[in-house]
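Please read the structure below before turning to the comments.
First chain written, first letter: the chains are A, B, C and D, and each begins at residue 1.
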């Protein structure tokens, strides 16, 4: 069981849609479509990935981090440190 | 007491340094300095603000959220929801 | 001919690699892998997409915008406006 | 003369408003205000800085880069390269 397990099918569906966006981008480049139109689609795929991250992170805080904190001990500190590092990677990507 | 209280002086010092960067930007614009040099300084100030956010958020998770979760109840869910919203604002800003 | 035409194969290769990253993410979710490991991979894919955008935009400025400006007239203003809007979408995504 | 010279007063006004936001943040930290409220204000200041960057960059492309391109020669390539680097710093900050 993971934080996102309850919404696993929804996450898989979102990832398949993003995969479709990336394949659409390959067709656009292959068809020599206009740079700006390609950039617009890249921005849409990037936003979809970020929104997915925010969802996963929310579930992670709600389930995994909260459970570790409730159990107490060093595992809780470790989980918070790990979550903070993931947030930093997200903000900087 | 807040999550950041233990580092309050360090946070104030960082904010004063960022204030100095913003005042430096005003001098640069007033002196008609080169656009690209101004943009470089704006990026530096933006990065400093983001790094401050990540620090505050880490302290918030470590202290405020962890305490609420340890106490249990609805307050814990509310704290996690609030933290997730703050992370989303950070990622999208 | 587009700004990116000279590097078309390289862009297609990068997009296929990103498609592979997205499919890898589907496997990770399907296998119930750890949230933080999934988030790390999402950050990597997001960074790859952003780096692709920056490359496309550089080519666009170098070729399409520069040509329009060299030809002069309203088309040049329109190209710059369009590029600025694409940059704004990129920064905000 | 710089790309932003026509709007110099507006840029100075925006920077003074951002300086006010940073000083407001110092007061909030000094008064031990709630972490999440501070984070909301940091996000607002970050967004204001990013919007300023996008404005400066648009003026830079419209004036400085367009002039260099119209004049032709190596200076034009150099200006585009410089602008692309500034955009990359913006996107990654």
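Definition applied: a residue touches a chain if its C-beta (ideal position, glycine included) is under 8 Å from a C-beta of that chain, and two chains touch if they have at least 3 such contacts.
Quick caveat, the model's predicted, so the values are computed rather than measured.
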| field | Chains touching both chain A and chain B | value | none
| query | By CA centroid distance, what chain is farthest from chain C? | reply | B
| remark: Chain-centre distance (mean CA atoms) for chain B and chain C, in whole Å, is 28
| query | Where the CA atoms of chain A average out and where those of chain C average out, how many Å apart are those spots? | reply | 18
| Averaged-CA centre spacing for the pair chain D and chain C, given as whole angstrom | 22
| remark: The positions of chain C in contact with two or more other chains are 50, 53, 57, 83, 90, 92
| What is the shape of the graph in which nodes denote protein chains and edges denote touching chain pairs (line, ring, star, complete, other)? | ring
| task | Throw together a list of every chain pair that touches. | result | A-B, A-C, B-D, C-D
| query | In the complex formed with chain A, which residues of chain B make contact? | reply | 50, 53-54, 57-58, 61-62, 65-66, 69-70, 72, 76-77, 80-81, 83-84, 87-88, 90-92
| field | Touching residues (chain side chain B, partner chain D) in the complex | value | 1-5, 8, 11-12, 15-16, 18-19, 22-23, 25-26, 29-30, 32-36, 38-40, 42-43, 45-47, 49-50, 52-53, 56-57, 59-60, 64, 82-83, 86, 89-90, 93
